[in-house]
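Handing you this structure, nothing more for now.
We call the chains A, B, C and D, going by the order they appear; numbering starts again at 1 in every chain.
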Amino acid sequence: MRKFVLRYLIPRIIQYLTLIFVGITLTYIIPRLAPTNPVEAQVSMMIARGSSLDPDAIEAMRAALTELYGLSGSPVEQYFAFWSRLFRGDLGPSLGNFPTPVSEMIGQALPYTLRLLIPALIISWIFGNFFGALSSYYPENKALNVVEVLGQVVRSIPYYIVAIVLLVVFSYFIPIFPFSGAYPIGTRPDWSSLDFILTYLEHSVLPAATLILVGFGGWFVGMKSLTSNIISEDYVVYAEIVGLKKRNILVQYIMRTAMLPQLTALAMSLGTVFSGALIMEVVFGYPGVGSLAIRAVYSNDYSMIMGITIYSIIGVATAVFLIDLLYPLFDPRVRYQ
Amino acid sequence: MIFLSYDSPYDPSKSFVVPWDLPPSWEHPFGTTSRGQDLFWWLTFAVRNSLYVGVVTAIISRVISILVGLTAGYRGGWIDRVLMAISDTFVVLPLLPILILLSFLLRESMNLLNLAIILGLFGWSFDARLIRSQVLSLRERSFTRTAVYSGTNSFWITIHEHLPFVLPIVFATTLNNLLWSMGMEVTLSVLGLSDLSTPTLGTALFWANQHGALVAGVWWWITAPALVTAVLFLGLYLLFTSINEYIDPRTRLRLIGG
Amino acid sequence: MTLLSVRNLRAYYQTEAYGISRTVQAVDGISFDLFPNEIYGVAGESSCGKTTLIKVISGNIKHPLKVLEGSVIYNFNGYQVDMLQISEDELRRNVRWKQISYVMQGSMSVLNPVRKVIKTFEDIVRTHEGITDKKKFLEQTRAHINRLGLPTDVLNAYPHQLSGGMRQRVAIALATVFQPALIIADEPTTALDVVVQRGVLHMIKDIQAMSKNTVLLVTHDMAVHANVTDRMMIMYAGRIAEEAPTESIFNAPLHPYTQHLINSLPMIGEKTTRTSLGGSPPNLANPPGGCRFHPRCPHVMDECRTVVPDLVTVKERHRVACHLFKEDSV
Amino acid sequence: MKNHTLSRRQFLKASAAFTAAAALPEQLAKPAPRVAGRLWQEIAPGVPREECLILENPSGSVLPAGDFNRWRAGYGAFWVCGLQQLALDALWYIDPDAGINGVWDNALAAEPPIYNEDFTQMTVKLREGIYWSDGVEFTADDLYYTVELLKNTPGMGSQGLFESNVDHMEQPDKYTVIFYLKKPNSRFHAVFTVRWGAVYMMPKHIFEKVEDPIAFTFNPPVSLGAYKLRDYDPNGKWVLWERREDWQRTSVARLGEVSVKYVMYIDPGPSDKRVLAQMAHELDVIHDITPEGRITLARQSPSSVGWFPSFPWAHPDPTLPAVIYNNEKPGLDKREVRWALTLAIDIVQVALASYRGAATISAIHVPPTGMYPQYYHEPLEPWLNDFTIKVGGEDYKPYDPTAAQRIADEARKSLGDLVPTDPEILKKYIGAGWWKHDLAAAEQLMLDAGMRKKNGKWVLPDGSDFKVPLLSMSESNPTMNRAAAMVVENWAEFGIDTTLDAQANPWPIMGSGEYTASLAWTIETWGGHPDLFFFLQYWHSRVYRPSGEVSVGSNSMRWKHPELDRIIEEIEKIHFDDPRGIELGLEFCKLAVQEMPITPLMAYNVFTTMDTTYFTGYPSIDDPYTNPVPNWGNTKYMFVKIKPKSS
């Protein structure tokens, strides 16, 4: 057990922490390099919006905002202040929607993203792996080959294009799905009402489909190549010579072992999938973190962008970490080392 | 198509060289845009530029991933752990927000080349991992051991004994990396965050959106780039898989059942 | 009466890759019989077609392996099976493991790495007999394991927790759950250290003695043959060079190749250095004409280069394929 | 080689796939869009569609939802979710167009501001009988309190403004407040005068109970307008307002009946989705869409109407998109160069690229909108015709009176009879002339300025690079971005080393002067009222800030000129309504034309499109009682004119 902790646990914990540290530091530095600062963004936006303010007024407001946004002090000071706030779980106020805390706004949007992302991820993972294994086990099966080619294509096509194509086809040319949002204009989210949940699902079909389609291809291909290696493994050949039922072999001998690397891959893919989800939300006008992020970018809302990136880094890192921890349960070889 | 771009009758940087909003015809196979450009010829440049991004990214990230992968895999120990920690960080880092920020930061200097370089700097990690694992398995092969016993130095081993076996993987991953970076280009451009005056598959869609091509009934302005992208990606995929099967010793062995 | 009779078997690998079509004549016109209650050895350098031969007779023929001609007929006391005709399904239901079981080359890796050993037993038994009563199954398996002198707890271990020798034993145990008529053992002892080897070989012998069935033992290791087999064949380049009871092979080898193999065995307290043959076994993609051994043969004659020697019975139960020997010439 | 086989294969595939796609067009021609997934009978619980006017909130989703503190510094999308249009009210309104009873409206105030002769005192008389939605009367207390609170609370939008202007106030009676100013300010009332927005009144009885007025969200907002909040989407996609039972006790009541029961501001998504939404009659007022979208509506949605009955449809905002030069950058600090760049622009192409010709162009530095053509453009026409600049020592007449005509002709090629022919109408719709597209003259001007041409590209006199990347707005204003792309093309043709630098939010970049040229606006006017102080207040050299420092207000082109200072100082001295104002305005226009600190292009045309399926009475060029652009505070006047069809 001690060995397990030393050899397995410790390195992964270190990994986990580095991941978070590097990621968060990056997200802190990059926006600060930007040519403009949010105070200007605000002031100039008000002027562009035609509010009549006289010169001194603007000067005064500028000072006030800088103070309020906690942008006074040297970058280094700000950096440490930033970490200490972070440990208190405080991501600061959204600069674009001052003074609402970033965490509050993300808290509002995150559930929508997750409710979409997680099921889509799981579905695509399961189906992708299942059919991937099938197609390498029955290489002569025409249908599966077609699926593979499709998977290959879709997988490589950018999320945006898949999304826009689905949108155009299924809510414009063949209007069977709603055009945007997570529920109709005028309705208020009410998770106790079945009607609402139904329209909510209806609105989520295309966004989910986007994620699933793209994901499916990836898993399919990954699984196929994995399996085609495993098939030539002695114990599989043996199982066949022994005359075990094909289903038994496929499930217990092939899939079961191939799943393990795919599990790690799942963790690894989270970052990318998340980015994909962002784009998808923008296309479908889905009220999730993605829409929030784009908004923030357009209004130079650092703290919001940082907040989102930090959330996603911690989220992804934690997911990876958990999967790593669970891994031994699935793979005895790791368990008994 | 790429090569066609070199004898394009139109300069892609010019607008209103042909009548606008013409549906596809023999004269204009993909129709013309609301900016008075021949979409087909314009896309020939787009494909070329997108590929350019893809290739540059691929090259840069290949170099990094091979170096990191080989070193990590061969040296092992703490070097390995550190390198892998870093690369894993890059793997799971949600890139999009960061890229968006970067493109804001670089503004007009965010041209194709810089974009490609940035993508290259971000896109190496996953493949580095693959290469490393391959090297690890190679290290167990006897010939390495004998080489080690016979006192040949590590660098020599790495280059002469591992690289040949690693190359097939590198090649295979190149495709994914290529497509990935081209995809990223599309994403950023669509958000209006890349060099919009250069024709790429992404900017094609961006300008189409800016001209409301969809509702204006100029559907070909959306359809054509999307199709070309799909076809291009499929084409690349087929090309690479066939080449890969050809150069990869393992697949070759399997095929001739040695 | 015979258990297995193979007649004039031709099995080639035929591949078509990027316009380059290739044919590997792995098994080229082999005929031999197996009888109940014997240990029959197949010897020969690697890639002489041993493994291919086994694949065919164990009914494990997959692309790119093709059987061009010949017959493989089993007779499990009365139950006739034509390996080249039998349906995949019948093969699985009635023959595999019930009649023919298999100890694979490199058996240490035949066990599913992510499942306990017992599970593999379970799978096998379930597919061939079905498990009605789990407890009963467990008892029987334990009994079986113990009979073969294996500790019970291997059943609840994962493969990677067992030593190579132990895994090999398990593999044998798996092969013998149903007391099959024929056990095919392909290089069962390669990659085991000598001590363990002996143990494994003994085990095989004991089992055979116990259940009076037939063991087909394939290995390039002549020493093993000397110790274990009753009868054996020497294969060279996809053909039978010589077949005889083991002691005649070792005491009076006829075929130059056999002689070479015997001579290359180290003898206790002998001085002279071994004379080894030049050259290496031919590439079966384009084997030499005539006798495939002729390029390496010390006694090579003109006809060797052109005429393929028949496998002739030179004396009782002793066949050889060489132009030096004619029917009953000895 | 490989690559070549690839490209060929691809090409075949592409064309194959393409023909496949081409098989659909007849489906494509007539799309049957469906926006919300079902057709509404009820837009929201208890709110029938035909009683609810649905408008686009151009600021998109209102996040965080449920924040209505309009007075806090910084811009929030919630300002325009109906809050400043329906629930808040201010002392005065100046209409960007003609207005209901003229341009000036005394809303909460009973009469215009009363200044003393040296503009150090401003007296405000308030209307009686105006009530907050919670039944409390609106009085001088509220005005007094509002100014006091804002003045003393850092972080409030107008804090500095009142701090620097207001010395103290007096409240002689329940309906009067007298402001004593720290320094003379003849335009102090502008603070309280809505043109898009202004300082709105705060309910004293609410805010005086609040601990932290900055954090306070003012939810639900106590309304002083004709509507009060009914419900809103926690994800900010829609905000629903309902008419107050006592709407007669608000300032709009005297102008007509408020007959729209419910009003909803929504986030309909990008342009294309807005168009589809209106075709499905699920969005009554579109704020803005791409010209192509507007043309589609013109062709496919007969019930959609715009500001102009036909081409160019759009409402011209009193805002002047222009090519803005950073007058400090080497090269651009020379008048000749700025003029050369101007003559290198082909306005016809720009108009076509940006608005497909649906642009209202302006050669001078005030927007050709609202009452301004009467105030400035027409009076200046003769002057422009004889106006000359020195090109290579010769007098040269840069003005081209036919520009608008040529745009119309070009546009007609693709839009046919959608484009009117009557020259008078055209003048009104697309404006008059512009500057010639004359590369020869431009070339000569560059040479006059000492610029040299090095292998096809212009360089500075000292031979160093002359790079002019053009900043523009990518997402927020497609038309601007398209114009910019065209200008870049024109300049490149002329041999300028230029690129398009599209930014989602260029304003802060301009403010800090980290740009060379930008296609945006620094000139906005009252629209209805001729006074130019609205933007000129930022252009006096005393508030000039060099690049690197952040410009004060709109002088981001860093232009200063003694003549300009003189004009501004004179304007400061005269009364807001003094007829001399226009004369000074004309002087400014002439100065700006000579100096060309920025190149004026056109009005910022907003394709505000209104659906007459459920409602009628929208403002238009023929009944220009206000500006229909729905995020303007002034649109509150629409709600006394718009009538439901059902009733």
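Miscellaneous remarks
Note that in this section a residue touches a chain if its C-beta (ideal position, glycine included) is under 8 Å from a C-beta of that chain, and two chains touch if they have at least 3 such contacts.
Just so it is clear, the structure is predicted and the values come from calculations on it, not from any experiment.
Centrality annotation: A (chain centre taken as mean Cα position, compared with the mean over all protein Cα atoms).
When the C-beta pairs in contact are tallied for A-D and for B-D, the bigger tally goes to A-D.
One simple way to say how far apart two chains are is to compare their mean CA positions; for chain A and chain D this gives 38 Å. Here the spacing of chain B and chain D, counted between their Cα centres, is 42 Å. Between the Cα centres of chain C and chain D there is a gap of 90 Å.
Chain A and chain B have Cα centroids lying 21 Å from one another. Under the contact definition stated at the top, the residues of chain D that touch 2 or more other chains are 28, 270, 276, 475, 504, 509. Within chain C, no positions touching two or more other chains are listed.
Residue positions 35, 172, 297 of chain A are each in touch with at least two other chains. Within the complex formed with chain D, the chain B residues making contact are 1-4, 13-16, 19-21, 23-24, 29-30, 34-35, 104, 107-108, 191-193, 195-197, 209-220, 223-224, 227-228, 230-232, 234-236, 238-239, 243. Those residues of chain A lying in contact with chain B across their complex are 11, 14-15, 18-19, 22-23, 26-27, 30-31, 33-35, 149, 152-153, 156-161, 164-165, 168, 172, 232, 267-268, 270-272, 274-275, 278-279, 282, 293-294, 297, 305, 308-309, 312-313, 316-317, 320. The touching residues of chain D, when paired with chain A in their complex, are 24, 27-28, 31-38, 40, 42-44, 47, 54, 60-61, 63-65, 67, 72-76, 154-155, 157-161, 163-165, 185, 190-191, 193, 195-198, 214-215, 231, 233-238, 240, 264, 266-270, 273, 276-277, 282, 319, 475-476, 504-505, 507-512, 514, 520-521, 524, 534, 537-538, 543, 550, 552-554. Of all residues in chain D, those touching chain B in their complex are 2-7, 9-11, 13-15, 17-18, 21-22, 25, 28-29, 270-272, 275-276, 289-293, 295-296, 349, 352-353, 356, 413-414, 469, 474-475, 478, 481-482, 485-486, 488-489, 492, 499-504, 509.
On the chain A side of its complex with chain C, the touching residues are 233-235, 237-245, 248, 252-253, 256-257, 260, 330-333, 336.
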